[in-house]
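Each of the two complexes below includes subunit A, the first together with subunit B, the second together with subunit C.
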Partner chain A sequence: MVGISIAIIGAFLLLLGGFIVKDIVVAKRAANKYVHYTVRGTVTSYLMLLPALLLLCVFVFLPIVYSLGYAFTDYYLLRPGDMKFVGFDNFVQIFKNFSMHGNVYNATMNTLKFVVFVVPLQIGMALGLALLVNKPIRGMGVYKVFYFAPVVISLTVTSFLWVRILGGGDTGLLNSFLVQLGMDPVSFLYDPQGSMYWIIFISAWQGCGYQMLIFLSGLKGIDQTLYEAAELDGASKGRQFLAVTLPGIRSVLTFVIVTVFIGACKIMVQPMLMTGEQSFTITLNYLMYIEGYTYRWVGYSSAIALLMTIVIGAITFVQRYLLKEED
Partner chain B sequence: MKKKLCTLLSGVLALSLGATLFGCGEGPGGGDEPTVDESGNTIIKIMVHVAQQSPEGMAYNRITDEFNASQTAKDNKIRVRVNYNPRSTTGTGYETELGNMLNQGTLPDIVTFDAPNTWSYAEAGILADVSELISEETQNDFFEISKNTYEGGLFGLPIQESSAGIYYNKAIFRNAGLLGRVENMTADNAWTVAEFEDICNSLKGRCDLPVDLQLYKAADETATYLLYPFILAQGGTFLSEDGMTATGYLNSPFTVAAFQKIRNWVDSGYTSYDASDVGFYTGKYAMYLSSGWSIPEIRNKYREQLGDDWGILPYPKGGANQAASATGSWSFGMTTQCRATEQAALVLEWLVSTESSVSITDATGMIPARQSAITVKNYTPGSPEFLLYDQLNKTGKTRPGTIAYPEFSSAFRGIVNDMRNSGNVSSIVSTKTTELQGNLDRYQR
Partner chain C sequence: MDKARKIRLAKRYTSRTVVYLGATLLAIFFIFPLVWMIVTSTKTEMQYANDLGSFATFLPNFSDLSTFFGNYVSVLTQYDIWKYGLNSLAYAAAVVVGNILINALAGYVMAKFTFPGKGFISFIIMFLLIVPVETTIIPLYSIVHNLGISGTVLAVILPALVSVFNIFLFQQFFTNIPKEYIEAAQLDGASQLKIFLIVMIPLSAPIVATVATFAFIGVWNDYIWPTMVLPSPQPGEWPLYPIQAALTTIQSIDGVTTGEVMASLVVTSIPIFLVYVFAQKHIVEGIGAGGLKL
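And then the complex of A and B:
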């Protein structure tokens, strides 16, 4: 294992060395034309970059390469010495499990449901809040802090908080109100039809404050005279939003859509802490964790990770392409 | 000057990072020699699954301190060091850490482990066979069912036993005129499932819930541990003897019928998935299925609500008079990477000694797993602890032995979870069996 790591880091350093040599050659040729583009400057730049590049190699590049390799093995955490290359066997098992409506199917459907609902909801909430706090009203700073607060609280804390609110029987806060009103308690978190929607709402509530700030910075960058001109032309508020605001924050919106989408695909903590392993809330990331850590099948888990990466990467690429086209 | 300083700093940073990365080859446990301190004492490292501040952690701290001060430690020049690595209820950090340590060659000398993991840890080479290192006298003092055996070897000895039972509120039973039917119940004259159902039915409307079976605890091992005896008592089966076949066992008609019964109890209002985990403690529920760990909870935290007006009843017997009760707690085992096996064996004997067993079970409320400690405890017949001990002795059944225990437990909990929202128990069991069989087959590929 150590040998493979050294080999990968070595390959990475070799690649880096190649870039350095190439840049030195370019620097030597350009030395007469550009005063600031020198060999010495090039070497210094790379030396300054080296710590960050090494960290990137060890904590990003290395795990990705390992995970990619493990996906084609039968790596079992407790038998690393017996690891064998199994080709596409893990992928075949994943598709088999999907076709028999097992955990892979449940996790895929739940993740899909989560992404489809949480992305527009979270972005809509964030944009709505950003438009609200963008108004020059006294004390708006307090509201900004209020809306942003859930972002700085850890996911674990908010998850347990919502479990207390939505808890079953008459012990949950919401249910205790319902019981006081003479109604029957509702199983909010364990209802197969409704549970995921609660997780979607809670995730959107938790995350929208961060995107609100990003939208706010975009809104601040819009030239106010455009609104004045639109108003003179008799444009309604809705028309102003569509014709001025949306085009003005297009690049910010693209960034937010992509990051929220990727974040949504990785949902794990909320279902894990709020409902545990349930067929109606298990997600792909959570399944990956169960397979890799609870069952210890690292190879199978890595295969799920690889498939997820391919799908998320492809969708992100399409998203960026479509949004770019509109530009 | 500034540029030179930047270059120098970058170089130093890069070199130090490189040195750190490439110096990782030999971990802290590297080499074959045992660790020895400056006084020449052999260090025996122990890793336990609880926090040092917990009652159980404090008990471990006490008994290891006592060992370090003992004549045995002085004569054999041994010093014990404990690493407290609390295990979360939903996560699996402790187990993952053991796997990582195995791979890196940094396993401590002695570890604690949950009994159902015996097979997988023994098979994977985490645990060593200690049958030749532990005296026969010690081995024979443990209840046969409690020993951590695999393929004829002894891979650990239990810290304590964790028999479970049905706690009952005597006041509620008295008011319902039912106390006489259960008061003198023992493991020998345990009630039947039909009697259990009849009593649940009579208790309906006289309290918030007749019985809390902790069905809501299916996110972790608790549900499997508490409910599997219900299935076994009704003739249900889980896995083949080699632990590798689920088809025909987990989905056998008896198993399906037993799970169906649990679902029927929910439908009949006898129990609920939405029960409060303190409902029994606060006097709202008549019965509560739980392990011995609830005894100190009631006596210390809920004395005001329940006083001494409570007791424990055995698991109900199945139709063919079959009886089963939960067993299996955490154990101490020596790892295969232990570098001082003789010294570690002495420490292991100390950790599971009669005195240590008494000390730990005093802290946890569980019952000891060895006869001599039971004698010291001298449980009064009729007491909750006596019922648990008696039941363990007469009807205790282990959870299925398999190297794929996490997968089995997940399937079992999946059935309990899915029954919450669907009455089609047969279909749920069938799906989970197929999935579990697929997972078991992975070990044979």
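And then the complex of A and C:
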């Protein structure tokens, strides 16, 4: 374990050393002597970079390399000495579990459901709010503050608050009103059909104020004379939105779609705190956490993480490509 | 006033009224849970149960002012939430200061120094910036575990000190600062570290403020990582949990009332609320900087 870490960092340093030598040789051979390295300057530079490089290596670079490596081992956290290379066993097990509709299948489906619904919902709400607040009407600044308010509370607070609102029995806020209306209390969060939709709704409620601000900064950047020109041409409000507003905020929209998408893929705190481990709310990130942390099967968990990273990375790449194509 | 103008004005007023009505309904939708949280935090379990199911559940109960802040008193004295709050503040302070110094230093070197190997290091930075590293929490946990710092505050602070995005942000900023500033300071015989601390950091005040704001919010709101690496609170000892993690502990105490839970949620949210009020400008700037990334 320690040996591998030292080997990886050693390889990294060796590579760095190689590039240093290469740069020096190239600079020496260059005719114009434009680049001039001094020993003093080089030592100072590396001394000043040292804290960042060291931390980057240990806490960013090594985890990436390890998540690649662990995925092909049977690493159990408490028995690091017993780690064996098992090839694609973890992946075979994941696909077996998926095809037998085990927890990998549930987690995949729930995550998919969350992403597919929350991304358009949250972005649509954020864009709608931004357009509303951007209207040149008095008082909109105050409304903006109201819409932004849920962003201020953390995901933990959001989860615990909504557990009390949607809670089962007649002590939850929503159920207390249902009981008043003569209905039976519903256990919203433990309803296999509806639970995930409540989590989607709550996440959009909590998060969309932030994207509203991003859209707002994009809308402020649009040249107002474009609207006047469109008005003169007799373009309707809808036409103006499609022809002026959307192109005007395209780069902002790309940014929001990519960040909300990546954030949605990682969903974990809400199901963890609102329902705990349940087949109808478990998500991939949560499953990875349970396997790797609760059960300490780091190898198996890393294989899930690797698959997730590949899928998220590929979709992010496609999104950026599709949305930037016309630039 | 001619008729056409009257109609136009009337139309405008109706459309305004509709906008205001819609905006108000939306506002209620966004803040009713927060209002309910704050109002409930001032109620005893009896008052809470009585008001439930009627509109009074959204209104404060002033009938007995002696219990109005009772939940806050018990959350602070009985459940020691102030200790967890202090922990969170300490973690945030360490991370904010360390994060700025370390990443600004690296960004400064990358922007203003020529040294062999620079191309390779800037490639690594760009690589880490683009590659999605969303799911490395378990390998990170195994590294922290094997380093032997699991269970200590270092496990919370150290990994949060470095941020590739912040290095990149500082590098962009320092690139635009004229070299003359550095040369003038060098003529005065200042060392490189001194130039960085006395000249560069003050020059980059706006970006320092933005990075500090986001780092603070990040640490304060972090929940999963601290619960993974820190031991859960033991009676009679000063806990290591930050405040978000403590919410789970408070939730699961036997006999905790709804009002007390709500009070703990409010206490947890107050510092972030203050940050959003007082550092608004830096947050908007940070959102702009995030957009630059693409």
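The working rule: the second predicted complex is superposed on the first by the 270 of 327 C-alpha atoms of A that agree within 3 Å, B and C clash if a C-alpha of one lies under 4 Å from a C-alpha of the other, contacts with A are read in each partner's own complex, and residues count from 1 in each chain.
Keep in mind that, in the parts below, a residue touches a chain if its C-beta (ideal position, glycine included) is under 8 Å from a C-beta of that chain, and two chains touch if they have at least 3 such contacts.
Since the structure is predicted, the reported quantities are computational estimates derived from the model, not experimental observations.
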Practice task
Using the superposition on chain A described above, determine whether A:Val92 touches subunit B (first), subunit C (second), both, or neither.
Solution key: neither
Exercise for the section: Between subunit B and subunit C, point out the one touching more subunit A residues. Expected result: C
Practice task
Considering only the touch criterion stated at the top, classify A:Gly313 as touching first (subunit B), second (subunit C), both, or neither.
Solution key: second
Exercise for the section: Using the touch definition from the top, say if A:Leu173 reaches subunit B (first), subunit C (second), both or neither. Expected result: second
Practice task
Considering only touches as defined above, state whether A:Pro63 meets subunit B (first), subunit C (second), both or neither.
Solution key: second
Practice task
Identify the partner contact of A:Met100: answer first if only subunit B is touched, second if only subunit C is, both if each is, neither if none is.
Solution key: first
Exercise for the section: Mind working out whether A:Arg79 is in touch with subunit B, subunit C, both or neither, as first, second, both or neither? Expected result: first
Exercise for the section: Name the contact category of A:Lys135: first (subunit B only), second (subunit C only), both, or neither. Expected result: second
Exercise for the section: For A:Pro185, decide between first (touching subunit B), second (touching subunit C), both and neither. Expected result: first
Practice task
Mind working out whether A:Ile262 is in touch with subunit B, subunit C, both or neither, as first, second, both or neither?
Solution key: second
Practice task
Please identify the positions on subunit A that touch both subunit B and subunit C, taking each partner from its own complex.
Solution key: 1-2, 44, 48, 51, 55, 58, 77, 80, 170-171, 272-273, 293
Problem - Residues of subunit C that touch subunit A when the two form their complex - result: 16, 19-20, 22-24, 26-27, 29-31, 33-34, 36-37, 40, 49, 52-54, 57, 102-103, 105-106, 108-110, 113-121, 124, 128, 131-143, 145-147, 158-159, 161-162, 164, 167, 192-193, 196, 220-221, 223-224, 228, 244, 247-248, 251, 258, 261-262, 265, 268-269, 272-273, 276, 283-284, 287-288, 290-291, 293-294
Exercise for the section: Over in the complex, which subunit B residues touch subunit A? Could you list them? Expected result: 3, 6-7, 10-11, 13-14, 17-18, 21-22, 24-25, 90-92, 95-96, 99-100, 102-103, 120-121, 123-126, 216, 218-220, 272-277, 279, 404, 406-407, 410, 413-414, 417-418, 420-421, 431, 434-435, 438-439, 442, 445
Practice task
Mind listing the subunit A positions that touch subunit C in their complex?
Solution key: 1-2, 5, 15-17, 19-24, 27, 35-37, 41-42, 44-46, 48-49, 51-53, 55-56, 58-64, 66-67, 70, 75, 77, 80, 129, 132, 135, 137, 139-140, 143, 146-157, 160-162, 164-165, 170-171, 173, 176-177, 179-180, 205, 209-210, 213-214, 217-218, 251-252, 254-255, 258-259, 262, 265-266, 268-269, 272-273, 285, 288-289, 292-293, 298, 301-302, 305-306, 308-309, 312-313, 316, 320
Exercise for the section: Could you please specify the touching residues of subunit A with respect to subunit B in the complex? Expected result: 1-2, 6, 9, 43-44, 47-48, 50-51, 54-55, 58, 74, 77-80, 86, 89, 93, 96-97, 100-103, 168-171, 185, 187, 190-192, 272-273, 275-280, 290, 293-297, 300
